[in-house]
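Structures are listed in the sections that come next.
Look for subunit A in each of the two complexes below; its partner is subunit B in the first and subunit C in the second.
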Partner chain A sequence: MDGNSSTPRITCAYLNQYVGKLVTVVGKVVQLRGEEATIDADGTIHAFLNREAHLSANNGVQLIGKVNPDLSIKVLSSIDLGQGVDYNLANAVVEVTHRYKPLFLYEN
Partner chain B sequence: MAGYGGYGGGDAGGFMAGSQQGGSQAGGSKYADESLRPVTIKQLLDWEDTYPGAEPAIDGHPVTQVTIVGQVRSVKPQPTNITYRIDDGTGAIDVKKWVDSEAQGEGETGSGAGAIGPDAFVRVWGRLKNLGGKKHIGANFIRQIEDFNEVNYHFLEATYVHLFFSKGASAAGGVKQEGGGDNMFVDQGYGAGAGGGAGPGGGNSAMQARLATCSRNAQTICNFINNSPGGTEGVNLHVIAQGTRMNVRDIVNAADELLGQGIIYTTQDDETWAILDY
Partner chain C sequence: MAGQITQGALDAMFNDPDRAQQQFPVPILQCLQIKTLDSKNGGAGATERFRIVLSDLKNYVQCMMATQTNHLVHDGLLQRGCIVRLKQYQAQCLKGKNILIVLDLEVIQSLGCPEKMGDPQPLGSRSAEPAQNPNLGSTGFYGVKNEPTQDTKPQFPRQAPSRNTSAGQGSSTIYPIEGLSPFSHKWTIKARVTSKSDIKTWHKPSGEGKLFSVNFLDESGEIRATGFNDQVDQFYDLLQEGQVYYISTPCRVQLAKKQYSNLPNDYELTFERDTQIEKAEDQTSVPQVRFNFVNIQELQDVEKDATVDVIGVLKEVQEVTQIVAKNTQKPYDKRELTLVDNTGYSVRCTIWGKTATNFDAQPESIVALKGTKVSDFGGRSLSLLSSGTMAIDPDIPEAHHLKGWYDSSGRNNTFATHNNMQTLGGATGRKDDTKTISQVKEENLGTSEMPDYFSLKATVVFIKQDNFAYPGCRSEGCNKKVTDMLDGTWRCEKCQVSHDRPQYRYIMSINVNDHTGQLWLSCFDDTARIIMGKSADELMEMRENDETRLAAEFVQANCRKLNFSCRAKTDTFGEQQRVRYQVMSAAPLDYKMEGNKLNELINAYSQMGM
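Up next is the complex of A and B:
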């Protein structure tokens, strides 16, 4: 990945601002169905997983992927975060990311 | 001219304090700058050296030691070092960890650099290096992050430190003020209200940093003077008393404090002050 590109941390509410872009989502796995997953990140997000994904329901997950026009996410990379994820903290970081954008993301 | 004497005293005091905070003008040691600053990778990438060999600075403040967190994207073992590509979602940067040939216990567990593989979350301590326009971090230490929350915690901390340096806000005032109206402290009165507003516009960051160490009263009147149209004429005690609704004795005490810090100086008489801007 090029150095000067960012994968902003977002929650469900920010999806429509990032259609076609790479994003990072931290959320909780609500449901797993084959290569499709439902993630709760301050709202429900549908994610289409890749082959390498090893997620488990009710665990935290960090997804990096591209936002589809229908606001689902095509996952490029996913990592299981286990149980102890503080989702309020993760959401706070998303808010801070968008309040102080110069620290966190390249806009173009 | 009584005012001149006061000016001189304030000026001298100001320089002392300034040299400790800023460090760059003073020819002395730079150990004061050797603090470990949490940053995002984008902050490091955004820094541009204005001349070759310039010291890295973020928010106008020199940075030497930095700490970042991120995910390992690639690992390239080399004869003398291991180069990790670290991505924290804001950008990606190379981190070079020199191989300690004496302690070549390859299978070191836990914190051992050999154990870190792709996709792992890591924390890095090191120095920003700029070789031929290509930046990397010379790592003192890399360790794997066990608790994912440390990643998010780091970003909040980096933001806090950024705001501290750029807005010069104290814990009580500006940081939360800056957040856009959701003020937790209802009864702060004029001082805090002006603090958030005056921070970005008023004075340089070194002054703001010094001001942050002053008492609430001192910050209040400093902000009041800053926002007043007095200019180099200064603002009189009674105008401040009227504007801030503080009592005269508190103002005089706070003004003494600011004089000692070299933030303000007396102008026409001993009860009229202006901001010392340099």
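Up next is the complex of A and C:
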């Protein structure tokens, strides 16, 4: 990991704040179509997957990727989280991250 | 015929008993009226009582017939107007009214039943009604003991402190106990001794002495009184439990030392050398016990360690068990009861000592307890104090009320308990206060007499590797350390058995950290097994055979974050006292729950404006 950048956790609402930046998203796989996936993270996000991604529909997933200008995500790494994901908790973490930005994010 | 009547007898009987004895040994009176009294709740069920008016031509007076004279009315011998010979009687003055108790009466049949003779005036104060069996109000007193005379005296209505014409204290006014304060200089109380303690002695460098204490009760309230040294000799034998006394100044009234008493009075009395204590002639006008009941549902609002009185239907009785107090090694007898009442709640109550061993009430009887301590064990539970008392099927309105309720609907009810009441921190009762390590140290948990229980979320950072287990007995239920007899056997002294190998049990010291500090905890077999993932026997074997593997096991067990349920208490090591923290149980974290807890915590902080 770089020493001078961070990958903040976000949900759908924060996409436009981080265009062109690296972000982390936790959400549920709604639809899978080849190399594209639709993710629900407090809103719908389009994700363009890479070779290593092995996702299953209805499972939770944590994606790390770059936000495209059209607010879709180019996925660099993905982790399948299985079934028992508490999405409310995950979203709460995102809220807290943004409320207390200095604790969680590097300001360049 | 008028000449037959002993005129003036009534006046003498009430105001000059000696003259009455001389002049009118057997008064002859006319019966002006007979009335039947339907007994309300005057104790003995459906006793028929008659009240009559007797006149001596000069005066008339209300009279109560003793039940042994009832036959005269039943047989029709005693009728309005007839002349009677009063063979045995008692003259009473009740609240300023004169009442005659007729113990033995003979009707002079030959004189028939003439019309009312003369123009008799009421004797003494105008009394419209005789003393009937009054309704005992719910705030009245309970269990007035009838004096062991030949008849049952009428129940006295609740007396305000009034002048008593009975012998004893002549002129001073009787104070109510509630009225006592350090500001009252001269007073007399008339009260019953509800309990008397044994003589206690103390020996301290500052001096020695002896004391005893009693609890006094009257209609207004209760107060504790103590006598020291000389007063013990003066008064200990005089004051008997259950008897009524007049106590007068000089006698000190001081602020009560609440830790020695379960009474609600702010003040308490201390006997002095000149304190007057006299046994009262009239033992009945003072109540016997005073209850202040809390119903079982209300118990949940009562604070822990408070003292209350309760009454309930006995639902369950356990056997007497004996437990040995850890600190004093004394055995105590105890018995657990379950009480229910018409609020639909049930509560467990523990009774001790003789009360427990001699307890013989049947389920479904009414039990009233005075002086129980409320604890939050299992939600709410009660323990009868040594100074408290228990009454079975007492003759008081609440008991009758409960009996009625139980017979009609209560028997088949299911009862709620306070077990699901959340005590501080969660549903598992006392063990669930989550603390950080710094809180544990700051709050000095474990330094008081009682052990403290708390929960800790922390990471294992170091496990002590020497002496992590001891050889234990293999017998079922016995974990005592066995001695190596050096001949291949291991002997357990408690079971008197030898084993060929011991069952090693963990006794492990671990150091845990959280974001606030570090703490040494000691774990027993079951917890350590969770941490290590292996049994102590396996590890001991590894120690014998493969030391490197052993080291690896410890490394692997390290750095795990767990939820520890701990107990803190102070142990004495020779001269030093140290707080030791023992793990009762350990569990891996439920991340979701923990995450949500943290979220709530954060929200709480931000609401507070941090």
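Following the convention adopted for this analysis, the second predicted complex is superposed on the first by the 108 of 108 C-alpha atoms of A that agree within 3 Å, B and C clash if a C-alpha of one lies under 4 Å from a C-alpha of the other, contacts with A are read in each partner's own complex, and residues count from 1 in each chain.
In this text, a contact is a pair of C-beta atoms (placed from the backbone, for glycine too) under 8 Å apart; a residue touches a chain by one contact, two chains touch by 3 or more.
Remember, it's a predicted structure, so these values are computed and weren't measured experimentally.
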Residue contacts on subunit A - larger count, subunit B or subunit C:
B
Classify the contacts of A:T97 with the two partner chains as first (subunit B alone), second (subunit C alone), both, or neither.
first
Quick one: is A:L76 in contact with subunit B, with subunit C, with both, or with neither? Answer first, second, both or neither.
neither
Scan A:R9 for contacts with subunit B and subunit C and give back first, second, both or neither.
first
First, second, both or neither for A:L32, with subunit B first and subunit C second:
neither
With both complexes superposed on chain A, which partner does A:D86 reach: first (subunit B), second (subunit C), both or neither?
both
Please write out, lowest number first, the residues of subunit A touched by both subunit B and subunit C across the two complexes.
84, 86, 89, 92-93, 96, 99
In the complex, subunit C residues that touch subunit A
592, 595-596, 599, 602, 606
Considering only the defined contacts, which subunit A positions touch subunit B in the complex?
1-9, 24, 26, 60, 62, 64, 77, 79, 81-82, 84-86, 89-90, 92-93, 96-97, 99-100, 102-106
Flag every residue of subunit B that touches subunit A in the complex, lowest number first.
40, 42-43, 45-46, 71, 73, 87, 89-93, 119, 147-149, 152-153, 155-156, 158-159, 162-163, 179-180
If you look only at subunit A, which of its residues touch subunit C in the complex?
84, 86, 89, 92-93, 96, 99
